[in-house]
Amino acid sequence: MDERITALRERIDELNLELLSRLSERATIAEAIGRVQTELGLSHYDPVREQAMLETLVAANRGPFTDAAVKSLFKQVFQASMQLEQEQDKSRYLTSRRTHRSDTVVSVDGVPIGGDHSPVLIAGPCAIESREQLGAVAAFLASRGVRLLRGGAFKPRTDPYSFQGLGLEGLRLGRDACDAHGLAFVTEVMDAADVPACAEHADVLQVGARNMHNFTLLRKVAQSGRPVILKRGLAATIEEWVMAAEYLLSGGNTEVILCERGIRTFERFTRNTLDVSAVALVKLETHLPVLVDVTHSGGRPDLLVPLTKAGLAAGADGVMIEVHPNPAVALSDNKQQIDFEAFDAYLEATMYHELLSPGRTELYGA
Amino acid sequence: MDERITALRERIDELNLELLSRLSERATIAEAIGRVQTELGLSHYDPVREQAMLETLVAANRGPFTDAAVKSLFKQVFQASMQLEQEQDKSRYLTSRRTHRSDTVVSVDGVPIGGDHSPVLIAGPCAIESREQLGAVAAFLASRGVRLLRGGAFKPRTDPYSFQGLGLEGLRLGRDACDAHGLAFVTEVMDAADVPACAEHADVLQVGARNMHNFTLLRKVAQSGRPVILKRGLAATIEEWVMAAEYLLSGGNTEVILCERGIRTFERFTRNTLDVSAVALVKLETHLPVLVDVTHSGGRPDLLVPLTKAGLAAGADGVMIEVHPNPAVALSDNKQQIDFEAFDAYLEATMYHELLSPGRTELYGA
Amino acid sequence: MDERITALRERIDELNLELLSRLSERATIAEAIGRVQTELGLSHYDPVREQAMLETLVAANRGPFTDAAVKSLFKQVFQASMQLEQEQDKSRYLTSRRTHRSDTVVSVDGVPIGGDHSPVLIAGPCAIESREQLGAVAAFLASRGVRLLRGGAFKPRTDPYSFQGLGLEGLRLGRDACDAHGLAFVTEVMDAADVPACAEHADVLQVGARNMHNFTLLRKVAQSGRPVILKRGLAATIEEWVMAAEYLLSGGNTEVILCERGIRTFERFTRNTLDVSAVALVKLETHLPVLVDVTHSGGRPDLLVPLTKAGLAAGADGVMIEVHPNPAVALSDNKQQIDFEAFDAYLEATMYHELLSPGRTELYGA
Amino acid sequence: MDERITALRERIDELNLELLSRLSERATIAEAIGRVQTELGLSHYDPVREQAMLETLVAANRGPFTDAAVKSLFKQVFQASMQLEQEQDKSRYLTSRRTHRSDTVVSVDGVPIGGDHSPVLIAGPCAIESREQLGAVAAFLASRGVRLLRGGAFKPRTDPYSFQGLGLEGLRLGRDACDAHGLAFVTEVMDAADVPACAEHADVLQVGARNMHNFTLLRKVAQSGRPVILKRGLAATIEEWVMAAEYLLSGGNTEVILCERGIRTFERFTRNTLDVSAVALVKLETHLPVLVDVTHSGGRPDLLVPLTKAGLAAGADGVMIEVHPNPAVALSDNKQQIDFEAFDAYLEATMYHELLSPGRTELYGA
């Protein structure tokens, strides 16, 4: 090593320590300010103050940094201090594993979801179409040991002229079929005005991908008194998804289950791309249970088994899957739903074979 | 050319014509069925019938096509026939240029948007923050010849703890500022329950990108009696965006303006990627006016001018842009909004310099 | 059901069968033409002939189909026939499971990759930096039961001024370290001119994501006499990836291993998005082994374990991972590589703990 | 303002200035070290030194920052200093407008591309197929005032069994047709080994999207003595694209023209998404000319005119477009190329009508 460099580095080492002591003192004072702000209900972020500080610093700048570099560096310093202030606010980010270390377990009709419990399987048709259709599915799924039935009474459809669901009548059919077969009823709510009716009939409310950013709906669902499955938006970042859950928790609902359902990418062989990294990251960063919707993520029956295995291996606490007595005549999602025979093959090929076997009876095909 | 091939091709030519005559007869009959179905209020798509036909055909198949190939070919035939039936339904797809050939022109407070009219410029702050802030912006913009002011009273924020807008008070401030300076007021509505209040105070309602798939909101906005700006969703396909507009038109609102605001891609240098192909395609396929939001698509002040030029060159009928008296202290979108000086430079650099010049007075900086 | 509809449908049923018989005869003749074309070395696709047929049909069209619909329908017919002709060509798509039903197993230095064999683990530094660095990694990995070492002598770097690898010297260091510790050597080749040198020193050649579409390189690697790991391109579709493998197989190399390494999406929390659907689909559609590169797909050490589990659960035949004696001072990929301690924790947390245990000795930390 | 806050902020103001003076002294010393390093040919980035400094700081840390926050803050400080050192290295980033303020103008056969010159139009078939085909196109384009003809002799094809171009014979046909009609010849080179032949026959070499990351090819093309058109990769970031150009400039070729050709997104109505922000950004950040390829970005003839207008409005210096005598029988890109009649309509609809009119003669259709 060149000795000129060695000499210069000694002075750098001194400066580093001088910087550290001043940064630490500065942060301690910032924390004190933060406490006063919290007490007074003020925001920690005061852009006018920040701008004034930057102007003072730029005016004092004699180089070699450009003014822009000085601003940039001190913005980092401001941000680091503000993060400290934020961490003092205990109520901040209720979704975070830092504020709630242990796994949240949501219990639905005696079935625990999350934590160390066995992965749950939520199955049923895309849409509730008739008493006969739903009764057949409910009987079949119950015979296979499934405990939660999904079925849509309100369907978000891209085309306004497509079948939009049976509405309130669908909710009643769902409740009846579940009661008849000892199942819990999971259904999507699309409209804040429908939250009371959905909460009355269903055991779990679902917020769909198209409504993940519908903050009005999130706030109403937060007050519904029912557990919620929150799907990730079509192209929502993980951060946005967790913040949508934060709307639910901060609104008073602690029984929140996340559901990854594939994101939009350039790939054409699959309808969406199942993002297993997102599953793993929300398990790391939040304490909430997370499911994978294997029907919508791939959009292909031949991927249901591998996506189930991959999702559970990444840490998911369960799976959602669409099952219909006769997919070819379904009023929606024709190509994605599987029939009873295919569902049995699916169970055989996954760990759900063992998990669900106890209560199983041979209704279908008998 | 080998003569064996020539001979075989002669028979192919005969078969082609025989196929055509049968396909045409088949289509004529399908149209007749379609008319009866429309009369009876039945769907043209009957999956049970389709499945039965496919089973009959597969049973009759003696090769060389595989059964899968037979099904695939006849599905094409069914689909082609059904398209004919659908084209008979005159009311289908009100957004389509096939049902409405001439450009829709939406008139806001005497300002025509769409058709051959000069591009409109809609400007204003991200959020309405105070009477002072909005008054300053309104006076400035009016002095520059701008006729429509945008400003949010309800803000969709990813983080539930961020500033969410002034709500009803913001609507009143918006109305007052616009009245004082002769501007039309454009504001976003997020909640179906807020539609009446927004429609009472504002001249144009905006449905934001996060709510493009909020069908409940679309239906309420359709009945508001106000023109609507419908932003493209964060990662909505062009088809989904046009179908969202179809919800508005089929709900009774013909004054719909589309707004492209950039889509989510892998690129990190821009906040979103402005999709000028989408602008051109909705101009080709629909009769509705379309704007480009140059602030949100790039997320960078240095791109406002080129994105404006590119958007208008692709056929856009106007531009939305965020302007704030002091962006550094704005309560949202700090880095994206431009101040008055930058807005003047923007006007100089774009065609809006000439378009807006008449009523201009030197308020700012005077 | 309305009886008018019933009557009309009877005629449709007759027409369906008449269409089927003519389509089948047409296909039989097309197959015969195809055999002559194959014999004469002609392409099956003859666009001039196709255009002539379409013109004849359009001239004969009396409605109700539009001319465009007639063209579209018959293009489907032509395409279906041509697919039959193509399936006759036995050599087509060597990658397809239709031409090669059983799983290909690639054997590297006695380690079988693919089929029912235990998942392989390929580990090592991003770049070969020095004899000391590589010797330390090789000794450590060998002590843990790893059998294949990866290490780059030629590095594709976005910035031309970044460290580009040690080149030929790196190949020699790689060979020596592997020989000393009984490992097989896997290294990336970027330049067709370097294929002989790489093939001389390495046991397995790797084609990187940035070169998946470098057809010149693929052709040279196909003749190298070495097994190849072919990474999926940064934003390559599954189809393009498989076709790149087809270049290798059709060039004479049957020892091809695919490697999924994440695709580019809008998500910012991960470097890329691991596409487990792609892993499952290439296992379904091709007979080739497939790996997942867990380092590059997530770009985060905290995702290595879940991505490994998810990738293997989706059907992958093994994993690639970057390990470096001191990642903080690595000349590339500083933030992604893990050190020896982290690698041991990784083994503990995955099935590789059991798979690799036999030959393990306590070199590291001893 | 609460007076407790006011008092605390005074101390913060003092600390800010103390930090600034130490940061500035530190940066001055770092610059001095940087000069020595440059003199000795050492890298400015010394990760071992950096790690040692961080360890010292963490050891000295007494809070309230976490050790991670201390590391993160000082990494910012290190980075800011290193940026200063790098700006001293004059040769860095030859593509940057900081090192070369004025627009680079590349002159091809007397046609200037870039700067304030009129937009250039480069037209021709996807692939060179025969002497007749190319002669017809060349005569037609010359009659319309086009000065540069594009045509591929080497075609990068996804499917190894597709038409791969005429190779060397194609180069000769291209040279002859251009000579006969006074055109400059632009052709793609795929293989480093083909660079000499391509450079001998063509006036401009093109590096295709699939080869943007083929650094071997870039280095050979840099030494070809010919201007280069560098297409953006299928999903390359703007930064990667500019760095690929840096390979060319640092390899000795200053005549580099960038070409945006659309990026991969989720949108299905277009083949790719033309990124006009990228056009604007490379004009801002680099001094190089940039084109837009309107054929590949949209993949739809009905978008050629709006994408041309949008691309030029965003600042592009010209356009590439595919023209073929009979697209229906073209050996590649059947659906994208336009015929002579459509090209005339394209000229009429764009500014090229006026730009190219002078030398125009009525060959086609006469």
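Order of writing sets the chain letters: A, B, C and D. Residues in each chain are counted from 1.
What we mean here is this: a contact is a pair of C-beta atoms (placed from the backbone, for glycine too) under 8 Å apart; a residue touches a chain by one contact, two chains touch by 3 or more.
All figures in this text were calculated on a predicted structure; none of them were measured in a lab.
Asker: Of the other chains, whose C-alpha centre is the longest way from the centre of chain D?
Answerer: Ranked by distance of C-alpha centres from chain D, the top chain is A.
Asker: Applying the document's contact definition, name the chain pair with more C-beta pairs in contact, A-D or A-B.
Answerer: A-D
Asker: Please report how many Å separate the Cα centroid of chain B from that of chain D, as a whole number.
Answerer: 31
Asker: Counting only Cα atoms for the centres, state how far chain A is from chain D in Å.
Answerer: Result: the chain centres lie 39 Å from each other.
Asker: Where the CA atoms of chain A average out and where those of chain B average out, how many Å apart are those spots?
Answerer: 28
Asker: Can you pull out the residues of chain A that are in contact with at least two other chains?
Answerer: Within chain A, residues 235, 239, 264-266, 268 contact more than one other chain.
Asker: Going by the contact rule set out above, which residues of chain B touch chain A in the complex?
Answerer: Chain B residues touching chain A: 47-48, 51, 92, 156-161, 190-193, 210-211, 213-217, 233-236, 239-240, 243-244, 246-247, 250-251, 264, 328-330, 334.
Asker: How about chain A: which of its residues touch chain C in the complex?
Answerer: 235, 237-239, 263, 265-270, 273-281, 283-284, 297-298, 302-303, 306-307, 309-315
Asker: Given the complex with chain C, which residues does chain B contribute to the contact?
Answerer: Interface residues on chain B, with respect to chain C: 2, 4-5, 8-9, 11-13, 15-20, 22-33, 36-37, 40, 49, 53, 56-57, 60-65, 69-70, 72-74, 76-77, 80, 83-84, 235, 264-266, 268.
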